[in-house]
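What follows are several structures.
Paired with chain B in one complex and with chain C in the other, chain A is shared by the two complexes that follow.
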Partner chain A sequence: MAPQYIANHNLPLLLERLRRYAELHGPVRGEDGVVRFAAIAPGTLPDLSALRTLLPPKKYLLHPQETILNYTAAAGYQLQAEDVRSLILFGLHPCDLAGINYLDRVFLGDAPDPLYAARRATLTLIGISCTPDEFCSCHILPSPLNALSDLFLCSVDEGLIVTSGSPRGDELLDGVKDLLEEWEGAVPEDSRRFFGHAEAEQVRPEPDATLPEWQEFASHCLGCGACSLCCPTCYCFDVLEFCGLDSCSAERVRQWDNCLFKSHAEVAGGTNFRKERAERFLYRYRHKYRGFGPLQGVPSCVGCGRCRVVCPAGLDLRPLAERLEGRPL
Partner chain B sequence: MKKLRVAIAGLTACSGCQLSLLNCEDELPRMLELFEFHYFPMASSPALMEGEYDAVLVEGCLSMPHEKELLQELRRRSRYLVALGTCAVCGGVAALRNGEEREQLRQSVYGENQVASETYEPLPLHRVVQVDAAVTGCPPEKEELLRLLAGLARGVLPVAIDYPVCTECRMRENLCLLTERSALCLGPLTLGGCSARCPSLGVPCEGCRGPVPEANLAEALEIYAEKGFDKATVRDRLRRFCPEWKL
Partner chain C sequence: MNRDLPIPAVISAIRPLTVDTSLVTLNTEPHHPVASSFLPGQFLELSLPGAGEFPVSYCGFPSVDGSIELCIRHIGHVTGPLRTAVPGDAAAVRGPFGHGFPLLAYVGQDLLLIAGGLGIAPLRSLLLALLAQRELWGRLTLLYGARETGALLFTDELLELQNRGMVELQLTVDHLEHCFDGPPYCRVALLPVLLDQLDLEPDRTCAAICGPPVVYPLLVSRLRQLGLSDDRIHLSLERRMKCGVGRCGHCAVGTRLCCVDGPVFSLAELAGIEGALG
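The block that comes next holds the complex of A and B.
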């Protein structure tokens, strides 16, 4: 069967149709020029030309700061109640899909996180093809993570070739079938080809802690946290508990953390497992390019390039990773 | 639950930090259930120090001899002493001209008149007494103040923040004024906790919360230089709220 595509002039209709299924979010360029995942206002189009949003879609699954538990003397700890609405995320690039795949492995693995699971269940993912720029590294350091989506759109000059990747995708396709036409032209190379390289899932030796690069990175790092806040797979969080202004209530808050912060490896008594910023870079490198814990051997870098784009000091782990990992595609 | 005995005092400052506390109008009734604000000259009279306190909150820096005595007296009487606001934490705007000739400064403001002849270079509290906790900001954030009080009521001090303004600015997905607009934004060097209040409104961070731990001044100066700001400009901006910056 010939692939199906939706002509460019039908894109507004497709979006309106999708809106019937759920609230529709996608990359939207703000007045300040920043592209963010946000609600696509009726009658407007998402910015499909932008290569990356400032924050990745993880913000929908793990909020930057959120209450996770509430305590009262009468009821004890209670899960934070949340009104979760169905959401379609439109226009996710393969790297962001792979990022969600990684978060799924972490938060839906052996001990599923209830808030994450509830939010994840309401998401419909619609991916779209893209072409890497000079900041991307998906095409240089391929990932074992899968770029899974419910629908995937592949850009061609005349429109978007549409394929389904799940029963939810089939349902959506069925709902828009009158907008689809048969695609007779050539099908471009799949943008997702850099993902799902299972052979990369091998445990590699620890990176050399004595490399001068760790100190070099540390000397330039401002410790602002931008690299991990904007990373699609950085999920480290801090948990804080705040008492209420009474004698009987409290809330437990989870907020994004960063392995380059002083407190990240600090424990009671002020002892710090990674006192020096250079040690923190080695730690960050291990997580991004080697993986650890239950996901040892699974690099978590999906090559989106955000860390390089947002670092005020222009730090870039990629040249070092290319040297140390050296895995040609 | 026994009410905590609290003292709130102001030294050299604008009283804005104490006012931030009084501005928590919705929460004041609940505060009064938890605390006895025994000594709080700005809010109630007569204000006479008496007995011991569970906590004292002190706004402002030290610039006059009697302030030092008052601070030491409060310290002696209290279990916890909390520096309230940037002036108390790092000197603040009153210390803006520290390092310049004192008598000349006095004369340029008061002329030949002997007013303020007893003042000395403003100092943050930690230079004179042990400070157990700090809530910085000019003025402090309401949320931080309430969390401080709620914590004190349970006998705990607030967790110190260790990340800069940039962190919350990124969490809010703001345009980066430093990298994208080449503005002299002090976010990378300034302690967070304000939810990036100013950059979220398109105004570069002025550094009002003082230095973040492990601030990388050398790198920041290089970045500012690339954007066309020389060291003197950056120094003046940084020292507006925190004269203790070494550069």
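The block that comes next holds the complex of A and C.
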């Protein structure tokens, strides 16, 4: 079957149709000029030319702060119940799709995280191809190339080639088939990427902690945590408990945490397992380029470039990573 | 078992052991795995409603009646309020989590247990498990050190075992308080010094260690000098833990997660990881 194609002038119609299935969110430029994932207002188009949103779509799956348990004396602890609404995320770049795929591996493993699983089940992902800039490293990493979505849109002249990646995608395609045409032209060799190559995941020796670069990074880093905040695969959270005013109920809350903060490795009694900023930098490095626990050997960095764009100190881990990982990044 | 949902437990006893440490007994559902099926060295997450949750090692023996023994130091914003809890107070538990000491690999071996400070909690659990099947193992030696005699825990119980010839016990304290004699067999020396006069057969000895991170490097180098290979040395590591199930990102040691891959690691597993021992 020839590839399916939707002409650019039919895009507004496509969005209106999708809206019948679920609430529609995508990259939207606010009045402040910042591009965020937000509801696409009826009659408006998402900003498909923007290369990256300020925050990645992880905010839909892990809220910056959220209640995970409620306690009452009568019922004990109960899992937080949430009305999850169906949501279509439209216009996700391959790096952000890969970010969600990575979070899925952490939060949907053998014992799925209840809140994450509930939200993820109602999320439809519609990806779109893009052209990397100098901050990106997606085109060299394997994960964006292999990222899964329900539908994927690949830009070609005057429109988008549409492919389905799931039964949900098939269903959506079927519902909009009158808007689709057969694409007669050439199909880009890889529908996600205009260039780049994939490499197999592998376990590498421990990074050398004595390299002067760790100190060098540490001496410039301000410890602001912006790089983790905007990273699609930084999912660290802290957990707090708040006692109700009646003192027989309580709420347990988790909130985004940050491995560059000093408190991240502090335990009761005052011992800190990563006192020095250089140690915290190495920690971040390991997670981004090596992966933790069951995902050892699976780098979590998906190459979106956000950390490099937001860093007030202009720090870029790529040159060091290229040396330690033995490949271009 | 839902690993995210703490199940109700009741505090059935709190026995102060020292000024800042108590032996807490909890009761939860009979036959629940959180009480009945754990390996020494594994941990559970204990919730005190309204205060929060923290990871704590099993200190006792698995039970089918739902009882759990924990040895807890009251030093933080959750463990602190626990000091004033009374029998009947509500708590909640989830677990067991992590990997404990490799009992299967210990069969037929001489065992050298080394505890520093509160590290006695998981090692008491290990000792109880070993004694329950005494015939499976060779020599059992416990080296146990604390800052001062007042901080040594379970001494009555341990001396009793020593007197009955169940375990070779050596106690030590960093320094003696003015008005105390130490308990019998107690020396004044740093924990690693106890290894100096130990005669052991390195090819049939396994060491199980839990203590404050400061003692680890010295203990490890002495054990290596004695001829123990790195895969015969197991250590329990502490890290900040906020979930216990591999999601909160706080507890990585190198690229391993302390809560899932540990907290008990063999020294061989930690090779080359800067800062692993603390």
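The rule is short, and it goes like this: the second predicted complex is superposed on the first by the 310 of 329 C-alpha atoms of A that agree within 3 Å, B and C clash if a C-alpha of one lies under 4 Å from a C-alpha of the other, contacts with A are read in each partner's own complex, and residues count from 1 in each chain.
In this section, a contact is a pair of C-beta atoms (placed from the backbone, for glycine too) under 8 Å apart; a residue touches a chain by one contact, two chains touch by 3 or more.
Small disclaimer: the values here were computed from a predicted structure and weren't measured.
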### Greater chain A contact set [chain C / chain B]
C
### Query
Which of the two partners, first being chain B and second being chain C, lies in contact with A:D246: first, second, both, or neither?
first
### Message
Under the stated touch criterion, which partner chain does A:P12 make contact with: chain B (first), chain C (second), both, or neither?
### Response
neither
### Query
Touch check for A:G269: first (chain B), second (chain C), both, or neither?
second
### Message
A:P42 in the overlay: touching chain B, chain C, both, or neither? Say first, second, both or neither.
### Response
neither
### Message
By the touch definition at the top of the document, which applies to A:G185: first (chain B), second (chain C), both, or neither?
### Response
neither
### Touched partner set for A:C236, first chain B, second chain C, both or neither
second
### Query
Who does A:G175 touch here: chain B (first), chain C (second), both, or neither?
neither
### Overlapping contact positions on chain A, where the chain C interface meets the chain B interface
240, 243-244, 247
### Query
Touching chain B in the complex: which residues of chain A?
30, 32-34, 36, 54-55, 59, 64-65, 219-226, 229-230, 240, 242-247, 256, 258, 261-263, 277, 310, 312-313
### Task
Please name which positions on chain C make contact with chain A in the complex.
2-8, 47, 49-54, 73, 75-76, 78-79, 90, 92, 212-213, 238-240, 242-243, 245-250, 252, 254-257, 260-261, 272-275, 278
## Note on the structure
Listed in rising order, the residues of chain A that touch chain C in the complex are 68-69, 71, 73, 76-79, 106-107, 109, 111, 113-114, 205-206, 209-210, 234-241, 243-244, 247-250, 252, 254, 257, 259, 264-269, 271, 273-274, 279, 282-283, 286-287, 290-294, 296-297
### Message
With touch defined as at the start, can you tell me which chain B residues reach chain A in the complex?
### Response
1, 27, 30-31, 33-34, 146-147, 149-151, 153-154, 156, 159, 162-164, 166-167, 170-176, 178-180, 187-189, 202, 212-216, 218-220, 223
